[in-house]
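Two complexes, one shared chain (chain A), two partners (chain B, chain C).
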Partner chain A sequence: MDTPTTCSNVGRQNPVESPVHIERRWPADGYTRIPYWVYTDAAVFQKEMDVFFAGNTWNYLGLDCEVPEVGCYKRNWIGTRPVIMVRTENGEIAVLENRCAHRGAQICWQNTGKVNDFTCPYHQWNYDLNGNLQGLPFKRGVMGKGGMPRDFDPKQHGIRKLRSVNRGGTIWATFSDEAPTFEEYCGPEVLAEIDQVFPGKKLTLLGYTRQLIPSNWKMYIENLKDPYHATLLHTFYITFGLWRADSKSENYPIPNSGHSVMISHNEGKKVTEATPEMQRFRTDLEMLDRETVTPKKEFNGGRVGGAWVFPAAAVGIQANTLKTRHVIPRSPTEHELVFTYYGYEDDDEDMTRRRLKQANLLGPAGFVSMDDSEMLTQCQIGATGYPHEAGIIEMGGRDTERTDYMVSEVLIRGFYRYYIEAMGF
Partner chain B sequence: MSNEISPRELRAELRDLYEDYALCLDEDRLEQWPDFFVEDCHYRVLSRENHDAGLPIGLIYCMNKNMLKDRVTALRETTMSEPRSLRHFISGVSLRERKEDTLVSQANFAIMESLSDRDPMLNMVGRYLDTWRHTSDGWKLSSRDCVCDNYRVRTSLIVPV
Partner chain C sequence: MLDNEAVCLYALGERVYATQDRCPHGNASLSEGYIEDCLIECPLHQGLFDIETGKPKGPPVTTDLKCYEVKVNDGTVYLRTAGP
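The block that comes next holds the complex of A and B.
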């Protein structure tokens, strides 16, 4: 991303006339501190929705295998804005606002489905799959009376279609006409991570898990940018060598963006000099079903991890489980977290079983991620009570340089370095 | 569904099995939870969204009894979670099909969750879709799909359904 987004250069769809004004001062220590009001302040939340989600960013919609045929649609949200992705007659996927041009009702009120066209349930305004208004009841009135004004032009009142892109089967969209191309937006490192797990092979949808976590959306982003906690909190990971402080790893905060890449290697169960400090390491713990914790080497000799695509999506692999993560902010103190699990069309039965089985590690009941949603709840309660205090982000130093070791908060610093500038603090 | 009307004793036995299962979880006797299943069992908690779309992913997906035991080990030994108490309310037990040593049944469940400093909340509501197998040790679950109506899980799903 070349220029940081601010309230003054966002597109016509944004409230440029009345940008959110925030009377807040970031702590003098800059991006090594996170003031707790960023997790509670309603004005901050609204500005994030405008500047990021509705601004010059590309946002995750879903996988093309979720809408396999013409007319198949899927509902989703970009920030707090409801949207739809739909397969159109030419085989491409269009992304539309899920909002009737007439009175604002959602034109889709099911998560997925298949239609010939869209009809708003309220006054039956009818749109084609590209969002063009095709007709509306009583346009010429009833018995010669009423109707829409003669100069009402249906072409001016379609559903807004967003710029969108299909990268290896992942669908992304932006509300902005000024945003750079998706490829420029991501940059080569993030793009390489997307391309690794979406190499253009046909995808098979395995399903979704969804959870509502009572914490600010950024807390989840930070959690995924925090390998420090993963090496301590998640005993399960540590014990079975799926993610350890002493594994070969890399943290790369992409400069001038909120993106990051985090890589580790599945190295199996082992004891090293770092083990005593991992207090939750359990040498005596064994799984009866070894396959749950024994991934088949799939990419570059057990390389796992992936990329955060700012603002709210992550792609990557954990064990043999392929998934996207999507964060939907619901309010300053709540976010929804959606995992979409998939495989490749050429997966054999053995690999499909591993992808499904190792998904037990992830999601709302995941051996390693149920700890996260539990802890984020605690962080929100603590932060809400002390909005004037701040978190300390100094593990691994005070800089934002990429690291070749795991125990570092550099990705969180990189994120807030970008955030402070983009939000104008 | 079979046309023959099942004996009253069998229905009573089935209801007892559901009550015993609920009590086992409510009393946090997790180590005994796998005993309700046969070795080659299938146990899965999945959303109605995935179930209706024929998507296989589970919130919890155990493909054999060892995986049930592993989940108990993980909950006891490795997981950090806020202390809570649960109450299972099971109703609408219905015998759908009866063969020689197999029963197909279903029941509704509602699970209330109470954390130590908050009001009880409806954590999950849904249906058990079950197949039981008669063994020398009585009826055991060979397959249980817990299909929850919840669109999304509240925070986390810690204890099995």
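The block that comes next holds the complex of A and C.
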């Protein structure tokens, strides 16, 4: 990738022009190497925001059960852009830029709430739930003096509404008029994963965990696309049998996109030929309350995992815990991670309790996830110190073909194969 | 002020009308607003009310204004605050 490539594909994610010019050369070994400057360079970060988050992608906003009534809203971000999803008078969900048309202030400062309309606190410009500017103070001046020019037309100064879609209760939006439909964007494999855990049943919100991780946002994505580490780093997984190097699994990068699907099968605590290889397998540890690691049989038949929907969201099931993950890039060296836990309206009390209890594996203090955020912190420190060096992504080969085994970095290679072309490296 | 509530008086042609002064939407004073025909426009967000009936006539307002029955006797304006 020494010569910049122009994107000739007509696939589901055509790159968008970005004014950011980057004087960087990708290593000659292509997508089996990740130069550490992709985790530190401010120009690279800005170009990612332009090309991906503000480009022809569909981005996760939330679940429709988070905004149950007219006027209920949830604040979120698409990349670094603040946005709002809100239930409007006709019962549909709209996605708006969270930015007053006047001076750019966020018109919505809270994560969730319920309003009749939005008023910017700065000069009290007032917008309806669809973002239309309804009125502004002193439009006609004060005591006959001042005011807005007579030709000022509020209709021309509303808040931009994004294209959005509701798929089985998940809400997605795009800034692009040229992005394909959400269904085309995802493709059949990813869509099947979304539909499996969002089959159209009414959803129940169970809760959130949020954390700030001092690493580049892509490191989190790569971590999710890396089952190799899961079998080594996470003592909890290995010992209690939820995710092991010898588990039956499938990894498939979706060609010509940043999406991927990763599936594994819960097999319980066991000792096989591969067990001695797992240094963190602890025969001396026994969990007295097995319910935390014992999924109850349900619709998925023990098949866990899910899909990464490029750029920044994942859907899936782990044990009985249903959740979405959303990555919000904050700066080249910082991202926010939000888990949203949910259930189905027809879950009984026992199932709801399990979905919540098994969520203890995830989030900032999760029995498993806490290893990841600590590890990514360490990776960022190394990358920041040595931006001219590069990571090696060769486990499982140098290709991007789908695998039926666990110990592979194929999904990271698939991601960078797409990334290099989309970013023009 | 009437019963601790500010009242806005309007002179439309020969007749006088009275409504609550406080806009129910944005906590503004309608007496600082603008009259167009028989409508009052709130100075804060340009909500419109019918002065005679108190009905909302343009967004963002959605609730009625309280209206008072008015009698003018020898240059003095009287409002009815309760039933006969």
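Assume the second predicted complex is superposed on the first by the 405 of 425 C-alpha atoms of A that agree within 3 Å, B and C clash if a C-alpha of one lies under 4 Å from a C-alpha of the other, contacts with A are read in each partner's own complex, and residues count from 1 in each chain.
FYI, contacts are C-beta pairs under 8 Å (C-beta built on N, C-alpha and C of every residue); 3 or more make two chains touch, one makes a residue touch a chain.
Every value quoted in this text rests on a predicted model; they were computed, and no experiment measured them.
A.B. asks: If you count the residues of chain A that each partner touches, which comes out higher, chain B or chain C?
C.D. replies: So, of the two partners, B touches more residues of chain A.
A.B. asks: After lining up the shared chain so the two structures overlap, which partner does A:R33 touch, if you call chain B first and chain C second: first, second, both or neither?
C.D. replies: neither
A.B. asks: Just chain B (first), just chain C (second), both, or neither: which does A:Q124 touch?
C.D. replies: Once the two structures are laid over each other on A, A:Q124 reaches chain C alone.
A.B. asks: According to the stated criteria, A:P137 is in contact with first (chain B), second (chain C), both, or neither; which is it?
C.D. replies: Touch partner of A:P137: chain C, not chain B.
A.B. asks: A:K161 in the overlay: touching chain B, chain C, both, or neither? Say first, second, both or neither.
C.D. replies: neither
A.B. asks: Intersection of chain A residues contacting chain B with those contacting chain C?
C.D. replies: none
A.B. asks: Can you tell me which positions in chain B touch chain A when the two form their complex?
C.D. replies: Where chain B meets chain A, its residues are 45-47, 49-50, 53, 55-64, 66-67, 69-71, 73-74, 77-82, 151-158.
A.B. asks: Considering only the defined contacts, which chain C positions touch chain A in the complex?
C.D. replies: 26, 28, 34, 42-47, 59-60, 62
A.B. asks: Could you list, by residue number, the parts of chain A that touch chain B in their complex?
C.D. replies: Interface residues on chain A, with respect to chain B: 111-112, 205-214, 233-236, 239, 280, 282, 285, 287-289, 292, 336, 341, 353, 356-357, 359-360, 363-365, 367, 370-371, 373-375, 377-378.
A.B. asks: Would you mind writing out the residues of chain A in touch with chain C in their complex?
C.D. replies: Against chain C, the touching part of chain A is residues 116-117, 119, 124, 126, 128, 134-140, 154.
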